[in-house]
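Have a look at this one.
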Amino acid sequence: MKLISETLTYKTSGNTDILDITGDVARCVRETGIAHGFVNLFIPGSTAGLTTIEFESGVINDLKDAIDRMAPKNIPYAHDLRWGDGNGYSHVRAALLGPSLQIPIIAGNLALGTWQQVVLCDFDNRPRQRRVLLQLMGEV
Amino acid sequence: MKLISETLTYKTSGNTDILDITGDVARCVRETGIAHGFVNLFIPGSTAGLTTIEFESGVINDLKDAIDRMAPKNIPYAHDLRWGDGNGYSHVRAALLGPSLQIPIIAGNLALGTWQQVVLCDFDNRPRQRRVLLQLMGEV
Amino acid sequence: MKLISETLTYKTSGNTDILDITGDVARCVRETGIAHGFVNLFIPGSTAGLTTIEFESGVINDLKDAIDRMAPKNIPYAHDLRWGDGNGYSHVRAALLGPSLQIPIIAGNLALGTWQQVVLCDFDNRPRQRRVLLQLMGEV
């Protein structure tokens, strides 16, 4: 049984920037040689999250619209009144989406659906450098 | 330490069809003989998700209502304008709920609360055949 | 490879009581001596959930406001009409947030962001005693 950690890094533009990271995660899986197991994904930070979606620009915009209904940018936030960061909505969006995800590895591949991609969602109100931590576990 | 993969399959009716899969997951746990560990659950596909809830028809309808407020069926979606699938709302709902879940195994049983069931939520706009991938890890 | 289970217990006040449990989780990590691995967190029960957020009272209130928009306390719930518990909104909130979370352990520490804390969210409409189940896995 192997347990291997990897770190992926991304430059994001903020403002609910959504990036497809599937190819990078799949490459890490191949490089470990794990044939049967799983990969845990985690994004450090309180203004970003992870999920899966079809990476198609129309539905990505639809997701942004839904997130904006859940935690609108243009309403008052107590966080902003206190700290003046202007990113209270970013924190709330990140907490609702969640920072972690787990995907099975079967026959050396991520067991995703055909139209299912892994996405990093950066909700902060400015460009950021982000890390996604992978932990790959399983049998070669 | 054992790592065992299992696949459960379901026929769903779509349109936010919510199925109780707790019994099937518990049976898989028993069949592996794992006494102490955890089970990772993942649903492949971009129009379905997993969570836990009390499987009682009243609150299941309450959950459907809340999801319909977050991503209403009857508003325009960019995904539908481009692809004509009519299931833009399904993709958004699935991305918000998430595809993965992890449950501890203690003394050979799922460590769920008394009124807590594991549910598959199919948000697609038509019947589907779904797979739920389980990875059971732990000590016998 | 070690797999160790721990249980944390908390008294909550209900009504979307949000508690910072980061210090307790970090202490468990240190006590196991695991240097490289991950911790799975799970909350049993159908009216509570787990996520991460900056534990700052302003943004905690902002999160409560967003959750109240998603599943308002003061609308009718089918669950309440049937069972009279008055906590239909609690069940819906818990199902939307989710019961599980996974955090990497790197160099013996939780790999959280600087302003990212682990929080227990108790959505029930009365005080509860809660357990959070930890499963720590990895290499010493």
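Just so it is clear, A, B and C label the chains in written order, and each chain counts residues from 1 on its own.
By our rule, contacts are C-beta pairs under 8 Å (C-beta built on N, C-alpha and C of every residue); 3 or more make two chains touch, one makes a residue touch a chain.
In this text the structure is predicted, and so the values were computed from the model without any measurement.
Asks: So what angle, to the nearest 5 degrees, turns chain B so that its CA atoms land on those of chain C?
Replies: Angle of the fitting rotation, chain B to chain C: 120 degrees.
Asks: How would you label the chain A and chain C contact, same or different, if same means the shared numbers make up over half of all numbers there?
Replies: Chain A vs chain C: different; shared/all numbers falls short of half.
Asks: Distance between chain A and chain C based on Cα centroids, please, to the nearest Å.
Replies: 19
Asks: Could you list which residues of chain A touch at least two other chains?
Replies: Each of 1, 70, 96, 98, 102, 137 in chain A touches at least two other chains.
Asks: Using the touch definition up top, name the residues of chain A that touch chain B in the complex.
Replies: Going by the criterion above, the answer is residues 1, 36-38, 51-54, 56-59, 61-63, 66-67, 69-70, 96-98, 101-104, 106, 111-113, 115-117, 119, 137-139.
Asks: Hey, which residues of chain A end up touching chain C in the complex?
Replies: Per the touch definition, chain A meets chain C at residues 1, 3, 5, 40, 42, 44-46, 70-71, 77-83, 88-89, 91-92, 94-96, 98-100, 102, 133, 135, 137.
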